[in-house]
Every structure is written in structure tokens, then in C-alpha cells.
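Labels run A, B and C following the written order; every chain starts at residue 1.
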Amino acid sequence: MDAFLIQTLNGVVNGLILALVASGLTLIFGIMDVVNFAHGELFMLGAYAGVIWLAVTGNFWVALLAAAVTIAALSAVLQVVALRPLLGRDPLYTILGTFGISLVLQNYALWQFGPVPRKLTEPLTSHFRFFYLEYPYYRIVMALLSAAIIGALWAFLKYGKYGIWIRATTQDRVMAAAMGIPVPIVHTVVFAIGASMAAASGVLFGPLVGVTHAMGADWVLKAFVVVVVGGMGNLAGSILASIFISLLEAYASLIVSPAQAVIVAFIALIVTLLVRPTGLFVPTPK
Amino acid sequence: MLALHDVHTYYGKSHVLHGVSIEVGPGEVVGLLGRNGVGKSTTLKTIMGIVRPAQGRVVFEDHDMGGMPPYRVARIGIGYVPEDRRIFRLLTVLENLRTGLDRQGVTDARREALLEKIYVNFPVLRERRHQAGGTLSGGEQQMLAIARAMMLEPKVILLDEPTEGLMPRMVGQIHEIIRVLHGEGVAILLVEQNVPLTLEVSNRVYIMEKGVVRHHAPAAELRADHAVIHQYLGI
Amino acid sequence: MPAARTDNRGYWIGFAVVLALLFVAPLVLPEFWRRFTTEILIWGLLAMSSDILIGYTGMVSFGHSAFFGLGMYGAAAALLTVRPPNLWLALAYGLVAAAVVAAFVAYFSTRLRDIYFAITTLVFSQIFYVIIFTWTEVTGGENGLTFRQPALGVPGLFAIPFTPVTLHWFVVAIVTISYLLLRRITQSPFGMVLQSIRENEPRTRAIGYAVERYKIVAVMLSGVFAGLAGVLYAVQNKFAAPDFVFFLISGEVVIFNVLGGMGTLVGPIAGAAFFLILRETFSRFWTEFYLIPVGVIFTLMVIFVPQGLLGFARRALNR
């Protein structure tokens, strides 16, 4: 029973982190029709940036913010240089382009930081008493912070002039441009926002595992699954799907090894594609 | 003020516009008539920068618009109301209007005034301002599309078949809106299938066929010229 | 028409020249480069199989590592369970395994378009990776399987063990036959339908073709030849490892396709050669970080030279 409760908490915590990663991916796909294969690498670079900034400032939360901003800037440059030229073309090319970028980034990290995992020290090490269980405070904070960031994103999109610009561009980029909205700039900004969310997830998740050059690969695969299961371009759907899949995976790892538990996510994908390809958590399209 | 000089446009390999030349003077209402598929919408899209001309020039008030991205075209003063309206279905009416209203260099007071003016001209939009655009009826969406373009305070508005699919009563409303716009000095380039309406509101009319302009005359003259109307428009 | 015939003659002359070079290669090249050439051919075959989907049908698949891997493990199964190790049985097992997996993947993925198809194939290859990686009793898990190289021969009649040179010739023969077969297929009415699906799927469907069925056959065709490449790899190297089922291999295959030129069949072989040569060259200076410059070159090519090295010759190669 303890194990079940702990796994439930783990599932929710991991689910919220995954939601943070997947939201960025969904946002980018929704507005630009770009499947960002490099998203996992942005997660990974965010974690490394967190390590560096932590060493520089000594404060985890400052490092988190600094890492997010650094990666946002980097990805804005990346989008302008490598992705903008690809935007008009066949979606095949954006998949290939972001794949190429992910290869370069992953190996660059391996080159710069080496294969030994880096430690990202968590800011809180105490545990929280939950009935007769002990659960790390830090994980609770991770979950809350992820939820807060997603909430902030949602509020930004719903209210405010730029939120309207982003939503309009997502729905109809030609008409958005015809209304004077600077669509290419909106694209770059949204890409940077999505990237910074991935980076933040990387920093938050970093303390739980070592920070290595390959840590993004698993996440990006799961994030893709989430984006499809949640409904491509549907923000609320991908959040629900993230938690759902992470819970399933957490429970599955009670029975099989964690390496095998990942299949759960893939099975969810297949079921979705067979039964309800527009997304499990999407209301039936009218 | 707005002129196309010998414009050729392609969709992929398809040569749609074969040297189109059109002019719109300040405050004029210019009609563009022709059967389906002759390139009327493509002409508007070329002006907006949505498609690039392969040859020829598009000039607006001394700006050569070759290669200008659509958002700049909108910002220098050209409004666009496309076929199918294309309002933002998931945004509310007010949010739709705000896409044009939230521009740089416009004071809050002026924004309020613009919005008020629109609500006065289109009372149904005030009523439905917090409703999602997709829930509006066809006629209401058309109102919204036009109102949205007006938020840019453009010097020219490109109207693409505004009466398509509308009930006769609404056609009258469109006529009224065009009159109001004209009264404010906004020039209009009106693409239409509705010949009588076009002849009534326009100063001049171009008739297109297979990607070229075949005939050009003041509306008054064309109203009487049934032969030409029959030849190019089949009525 | 004389012009076409002359062009075709030029094509066949070029083909003969390349074939002659490949035949002579193992006799004149040092050991390392001989193996290298053989490997290029095997990866080239894999990339060629992928070209059927990417270049001719317009479907990006990231699942080729699964077909390749199953071909490899299928051959391993034959070579480990049946004594003496039999080449033809290895081929049979490998091809069947790959075909079964291809059918499975095809059934689920072909009803989806573009990105969904790509993601699904990726996910499937990962599923197979996890299964192979964790099912240690059967697949050897992380360490893979090793086995003896079979001899070329007919059981009961004769058996000639392979030398590196004869193995190379065997691979050249198989790859050449595969190329000619695939070329025939892409130029057939079936191939024309595939290309029409690539150009305009809705219109192809509207004309009345059962697009899904064509896609399924395309995936299976592609999968079988990918499996063939896997068998060849197993026979050449005498081992099978889960690394080859990891989706990065699929990614590399797609890179070969893009670098070499999609829709040309030989382009991907050239792309594989180009990639492997780049890797060799950069490894001299950058050791294991060769993917940084290679990745940059790849990305630049996607942006500026999307037709690939042989793309300019696409029409000529498809005549």
C-alpha cells in the first residue's frame, strides 16, 4: 500500500514535469506545425545550464531562472537561423532539420561536459511527513512549480495582447499577418517560450538523476507520445495526458522493471491511434 | 494610390495572373468582376503579400511592395477581408477586434473611440462581444470580418466576395457598410459575383477573364452596357 | 526515341563501371577499407529500402532500425539454433522476421499521415528495442548474440566458407540484385501509384486507388529489404546487438537518404558512403564527437541542398 501511494505521488510529480516539457512541444507544434525533435536537447541543455549557473550563483532558484533565460535566448537564435528558412516547406524538412539540430546539440554537450553525469544539488533535502510515509519536500516543490509555470503560461495566453497574438497566429497565421501581427517574430518568441519551459523542466528534474548528455532522449519520446495522446496542439489535453501516462508508468514499475515500464506510454499511444486518433483527452470534434 | 502594374502570379506551376494592371485612387470604390476562377481572389492575395508576384509591381503610396510580408502590408494601411471571412473562431468577438486594435502608436482613448464606433455601426457585435467567433452566424461573421479590418484604420480595404452565402437582407447591410466606409474616405477594392450590387456602389469597374483584365469602365457606363456584362459575366 | 536510348545507355555504362569497381575493390584495397566498402553497401541497402518510403511514397519512417534489427536477430536465431549454420536459413528467418514486423507496423501506422506516421514508427522501433534489450534470456539483452559465420553453399552438396573477399562479392551481388529489383518495382505501375501518393495523396485517393493498401505494401517492401540488410550485417560481423534497434539508427538512415538524394535509390547508397566517409575523416580529429560537424553538415544540407548529392540526377536515374 505504501508503495502504491508513493508511486501515485511519483506519477503526479513526474506527470507535471512531463506536462511542462510537453506543453512547450504542443505550443510550438500548434503555432508553427514544427515537430521539434530537439526539444529533449533543450531540456538537457537547460539542466547543464542549471549546473553552471548554480556553481556561479550558489542559489538554485536563481540558477533555474537564469538557465531558462539562457536557453530561451539560444533557441531564439536557433529558430531564426535554422528553422525559419524551413517554415514554408514540406513538414518533412522541419522534422529533419530539428533532428539534425538535436544530434549536434547532444554531441556538443557530450564534448563539452563529458560522459560523467553532473550533479545538480537540490535546494531542499528534507522530507515531508505524509501519514506514516516520508516523501521528499523537493519533489512536492517540483510539482507545484511546474503547475505554477503552466498556469502562468495559460494566463498569459488567455489575457493580454500578446496572448491574443499567439492564439490568433496559432489558429490562422495568414489572417494574423493580415491583421498586422508580426508572425515571424511571434514564431520565434513562442519557440523561445517552449524551449525555456523545457529548460526549466530540465533544471527541476536534474537533481533526481545525474545530468548527462543523453537525458533528453527519453523525455522527448515520451513528450511526443503525450502530445499525440493529448491531442496535437491541445494544451489542456497534453497536461492531462502527461499525468495519466506518468501515473500508468509509475504503477507499472511496481510490476516490471522501470526500463520496461516505458512501454506503457507506447501502448497508450497505440491505443489512442487505434481508437481515437485526435487525442484521448480531446472532446469529440464537432 | 494603390496600383498593380502588369502582375504575373503563379500557384506552383499554374500561371494564374497573366499581367494584371489595376488602379485604386484615394477614396474610390473599385469593383472587380469576373466568373469563378479568373484570378480575382489571387489579385487581392498578391496585393496583401500572401502570394508573391513572379513579375510586375505592386505599388501603394510610393511603397514598392515587392516581397513585403503581409503583416507589413497591413501596417502600411491595407485591410483585408477574405473569402470565407476567416475570423478567428476560437477567439471572442472582442479578441478578434483586438487583433487589429492593439497596435502601436494608438492611444487608449483612440482605441475606445474606435471600438465604440464599430459597436455603433455593428450593434450585434457589441451584444456578442464575449462570444467565441465560431458561434456567430454567417452574416455576423461577415460583419466581424469587416469590422476587424476596420480596426486597422486602413486607407484601402480589400473585400473578397462579402455577400457570398448571405441572405438577401444581409446583402443590404453590406451595401450600407460599403457606403459608410466610402463616406469616411476609405478606398475599397471590391471583388464580387453580385453584379448589381457592385455596379451600384462602385465608381469604376474592372472585369477579369482567365487571369487578365478584359474590360475597364466607369460603373455608370457599364450599367447600361448589357452586351459587355453578358459577354464576360454571362448574365 | 534515340535520345532516351542514348541516355539509358549512359546510365547502364555508368552502372557497369560502378559494379566493376565494386568487384575489384576487395582485391586492391587494404583490409580496413575493404570492410569499409562492404559496410557502405550494407548500410546503403538499408538506406535504399528506406528510400522506397521517403523518396517514392513520401512517408518518413523512423522505424527502419526495427526491420534492420529483426533481420539481424532473425539471422542470429537461424545461425544459433540450426547446426550447421546455414546461410539460406539465416536469410529466410531474417526476412520473415522483418516482414512480420513490417506487417505489424504497417497495419498500425499507415492509417496516419505525415508526422503521426513518423512518430508511430519511431515509437514502434523503441518498443522493439526495449523488448530486445530486456528479454535477456532470448536475445542476450544488452550484450547481444554472437555466432559463427555460415558458409556459402547448399546443404548437403557443398559449402565454401566465406573469405572477406568472397563475402564482399556476395554482398555486392545481393545489393545489386536488390537495386535492380527495386528499380523495376519503382518504375512499374505500382511504383507510379506510390509516387502519385507522394505528390498528391488526396487526389490519388479521389481517382480511386486504395491508398492504405498501397502504403502497407510499400512499408512491407521497405521492411523486407531493410531486414535483408540486417541479415547481411549479421553474416558479415557475426553478432547481433540491441544498439542497432535503437531509433538513432533509423535517424542515421534518414540522414543517408537526405544526404544522398531521396527518390533516386542509388542516392541513399551515396549518402551512406558520404556519411561514413565523413565519420571516418572527422573521427581522426574529433574522436567520438564526429556527429557535431556531421550533424551541422546534415542540417545545412536540409536547409540549402535538400535534394541531396544525387538529387540533380533524379530524373536520369529513374528512367
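Here is the rule we go by: a residue touches a chain if its C-beta (ideal position, glycine included) is under 8 Å from a C-beta of that chain, and two chains touch if they have at least 3 such contacts.
These numbers were taken from a predicted model, which means no experiment stands behind them.
J.: So which chain ends up closest to the centre of the protein, judged by Cα positions averaged per chain?
T.: Most central by this criterion: A.
J.: Of all the other chains, whose mean CA position lies farthest from chain C?
T.: Chain B.
J.: State the pair of chains with the top count of C-beta pairs in contact.
T.: Going pair by pair, the biggest contact count turns up for A-C.
J.: On a C-alpha centroid basis, what's the spacing between chain A and chain C, in Å?
T.: Roughly 33 Å, centre to centre.
J.: Based only on mean CA positions, could you tell me how far chain A sits from chain B in angstrom?
T.: Each chain's C-alpha centroid was found; their separation is 42 Å.
J.: Compute the distance, rounded to whole Å, between the mean C-alpha positions of chain B and chain C.
T.: Here the centre of chain C sits 54 Å away from the centre of chain B.
J.: Find every residue in chain A that makes contact with two or more other chains and list them.
T.: If we look for residues of chain A contacting two or more partner chains, we find none.
J.: I need the residues of chain C touching at least two other chains; which ones are they?
T.: Not one residue in chain C touches at least two other chains.
J.: What part of chain A is in contact with chain B in the complex they form?
T.: On the chain A side, the touching residues are 161, 164-165, 167-168, 171-172, 174-184.
J.: Hey, which residues of chain A end up touching chain C in the complex?
T.: It is residues 35, 82, 85-86, 89, 91-93, 95-97, 99-101, 103-104, 106-108, 110-111, 221, 224-225, 228, 232, 257, 259-260, 262-263, 266, 269-270, 273-274, 277 of chain A that touch chain C.
J.: Show me the residue ranges of chain B that touch chain A in the complex, using the header's touch definition.
T.: 48, 50, 69-71, 73-75, 80, 82, 86-91, 95, 98-100, 102-103, 148-149, 151-152
J.: Which part of chain C faces chain A closely enough to touch in the complex?
T.: Residues 54, 58, 60, 108, 111-112, 114-116, 118-120, 122-124, 126-127, 130-131, 133-134, 247, 251, 254-255, 258, 286, 288-289, 291-292, 294-296, 298-299, 302-303, 306.
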